[in-house]
Amino acid sequence: MSHDHNGTSLEEFRKYREKMNHKILEQGNLQIKRFFNLDSQAYEDGALPKKTKELLGLVSSMVLRCDDCITYHIIQCADVGVTDPEFFEAFNIGLVVGGSIVIPHLRRAVETLEECRTATGMKKETSPVRSR
Amino acid sequence: MSHDHNGTSLEEFRKYREKMNHKILEQGNLQIKRFFNLDSQAYEDGALPKKTKELLGLVSSMVLRCDDCITYHIIQCADVGVTDPEFFEAFNIGLVVGGSIVIPHLRRAVETLEECRTATGMKKETSPVRSR
Amino acid sequence: MSHDHNGTSLEEFRKYREKMNHKILEQGNLQIKRFFNLDSQAYEDGALPKKTKELLGLVSSMVLRCDDCITYHIIQCADVGVTDPEFFEAFNIGLVVGGSIVIPHLRRAVETLEECRTATGMKKETSPVRSR
Amino acid sequence: MSHDHNGTSLEEFRKYREKMNHKILEQGNLQIKRFFNLDSQAYEDGALPKKTKELLGLVSSMVLRCDDCITYHIIQCADVGVTDPEFFEAFNIGLVVGGSIVIPHLRRAVETLEECRTATGMKKETSPVRSR
Amino acid sequence: MSHDHNGTSLEEFRKYREKMNHKILEQGNLQIKRFFNLDSQAYEDGALPKKTKELLGLVSSMVLRCDDCITYHIIQCADVGVTDPEFFEAFNIGLVVGGSIVIPHLRRAVETLEECRTATGMKKETSPVRSR
Amino acid sequence: MSHDHNGTSLEEFRKYREKMNHKILEQGNLQIKRFFNLDSQAYEDGALPKKTKELLGLVSSMVLRCDDCITYHIIQCADVGVTDPEFFEAFNIGLVVGGSIVIPHLRRAVETLEECRTATGMKKETSPVRSR
């Protein structure tokens, strides 16, 4: 049983994503390019910190049930120091809001999180420094 | 062309599901554990029989278009004796309510049903005993 | 706070529905007319009884969060003798599968059910005769 | 029984929409402003004519079941000369793709279309001039 | 043009919600009662602060397009000190993730936020104390 | 990283689709058969040309995020002469209406379009003859 990004490592996920984004953007539709820019900017530090915003992206992706989006935001969240207890509280909100239909995505999310932790060689059990 | 649970047998589907559920539940978020309990209890015999409830789970999964959930409820429905004509009437409701966007999931559902019937070595064409 | 069919009685809901269906069907698009026929036929007695099918329609409508569809299937379910405990078990499945996002629709569904019971002057607490 | 824009005329719909869009845009979040711009630009004449694009907006809104979006695109479609038979063929696609859950929105869409035709004092039964 | 909670004040929204929740819980289905408990607990302070969790609830509700849920989480967010710039950054994420189909809900959300600010007689423009 | 129809060529996609549709239709549920007929008929030339209708099917499939449906309508659109600029304007509408959650499907759609162009040995950069 496998992921949407299955049979593939997180590294392959990143490469496919990058390759296809490049094709989309080089093809010349200016509005699509602008949409992609808005999408990146939405998660930058502002009145709300990037960490909160990535969590918003993660839980939105869970309730809308998009594995690739979940994978992407898990990677981003792990990068900015989201701990395992924080992840699972966010997962719980996704589950309660979105219902049991979210469970198969939760299973794959937990596998993805494990892959992230393995890739970076750390298991974040404690809170990261607040200043991030 | 393949399933979400593709390149994998129903047995592999069950194993992955069980393995990941175990990981989710052992990680210690009590609320997620309670949600999983509620999810199991929802389909037990009560004022409505388990068979009706599994059909409710199946058609809900179809209109929400979740292959893993459909696979799970097909297995459960087959276990409690849902016949092929009953399955297809339920599929039809999923199709009419949810629209043609459901069709790719219906194709995979029919393949899953076939695998179930093969696994149990029986083709249920007639109504099961009512007392179930 | 009100319903989609709010400020209106169930009777007004029925009238609006009938008036607009009539306009849709008289306008001459044959395929829409055929779709409406398929929609009606999907809930008729067959391998599965009408009662089960109306419950399938109800729970599908809950997880897809359509108040008018929920109202329609509650009326139909009440007509074929679904009891309150049966309704709430079906509601529970809609809630567990679809998540807390279903709750506002559940509130309106419970109000609709109350209106139905008042309209028919009976509170069904016990199981209807099985032979329905 | 009523519309989302119910108890209100199309004129009131337009006024509320305009008033709130103004409030959203004046509040100073630059990215939201850019999103609104992208949204407007998406329907302008290009490789595909505006008429086709508004129909794409209409049917997308139907399958996603958003009454306000449907109302908006019906107004736009009527403005660029979509005829009644064209509207109903588009409605049919929305119905087939999205399923019977779309029907309550179709009823309101047909009422909205009627209001549009009344407002402009014409019933378009024939194809508009192609040069639009 | 109006809200789902339209023609009604926020106060009426709260009353209807409370009245119907009471009816749902008193009717005796234990699993629904447990679901409601899980729903409340999901937003309590934990590894993630309540403020972050309410924002997760808000943005999830936006992308799933449920006006009542949006209204509820705006009230909660305002209670725990979410500022206007924070609200609009969260709204922006809901908009980018969920698309233009979210816009009608954004319009109503902004109106709801205004009502909240009026009700509490304060316009939060600056960051609340971090210790919340 | 792969497609839903991944590890498989477009030819395999067609074969699986055809094989399973055949199984569904031969199993004898008349209503499902009628639904499939309605689904085919919805895209035939009428008041709106087939090309417009296939684009409606494509964008509906994007906002509902069904890869198989997107693949199917890309093949159909390419067959009736939709050019690359037309495709990307339609993709842009799907993206703006449906939001960033559509992006993973857009990546796969662009890969599918490439496969279609390779299969037919032509890159359509210019408008097809209008008379189609």
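For reference, chains read A, B, C, D, E and F in written order, and residue numbers begin at 1 within each chain.
Throughout what follows, contacts are C-beta pairs under 8 Å (C-beta built on N, C-alpha and C of every residue); 3 or more make two chains touch, one makes a residue touch a chain.
Since we're looking at a predicted model, the values are computed, not measured.
Chemist: Give a one-word verdict, same or different, on whether chain A and chain E use largely identical residue numbers at their interface, taking over half shared as same.
Modeler: same
Chemist: Return the chain whose centre of C-alpha atoms lies at maximal distance from the corresponding centre of chain F.
Modeler: So the farthest one, by centre of C-alpha atoms, is E.
Chemist: Just give me the whole-number Å value for how far the CA centre of chain C lies from that of chain D.
Modeler: 28
Chemist: Could you put a whole-Å number on the gap between the CA centroids of chain C and chain F?
Modeler: Chain C and chain F have C-alpha centres separated by 33 Å.
Chemist: Tell me, which residues of chain E touch at least two other chains?
Modeler: 7, 31, 35, 38-39, 42, 60-61, 63-64, 69, 85, 88-89, 92, 95-98, 100-101
Chemist: Show me the residue ranges of chain C that touch chain B in the complex, using the header's touch definition.
Modeler: It is residues 38-39, 42-43, 46-48, 52-53, 55-57, 59-61, 63-64, 69, 83, 85-86, 88-90, 92-94, 96-98, 127 of chain C that touch chain B.
Chemist: What part of chain B is in contact with chain F in the complex they form?
Modeler: 1-2, 7, 65, 84-85, 88-89, 91-92, 95-96, 100-101, 103-104, 106-108, 110-111, 114
Chemist: State the interface residues of chain E toward chain F in the complex, per the touch definition above.
Modeler: 63, 95-102
Chemist: Spell out the part of chain D that touches chain A in their complex, as residue ranges.
Modeler: Of all residues in chain D, those touching chain A are 31, 34-35, 38, 41-42.
Chemist: What does chain A use to touch chain F in their complex?
Modeler: Against chain F, chain A makes touches at 4-5, 7-8, 12-13, 15-17, 20-21, 23-24, 27-29, 31-32, 35-36, 39, 60-61, 64, 66, 68-69.
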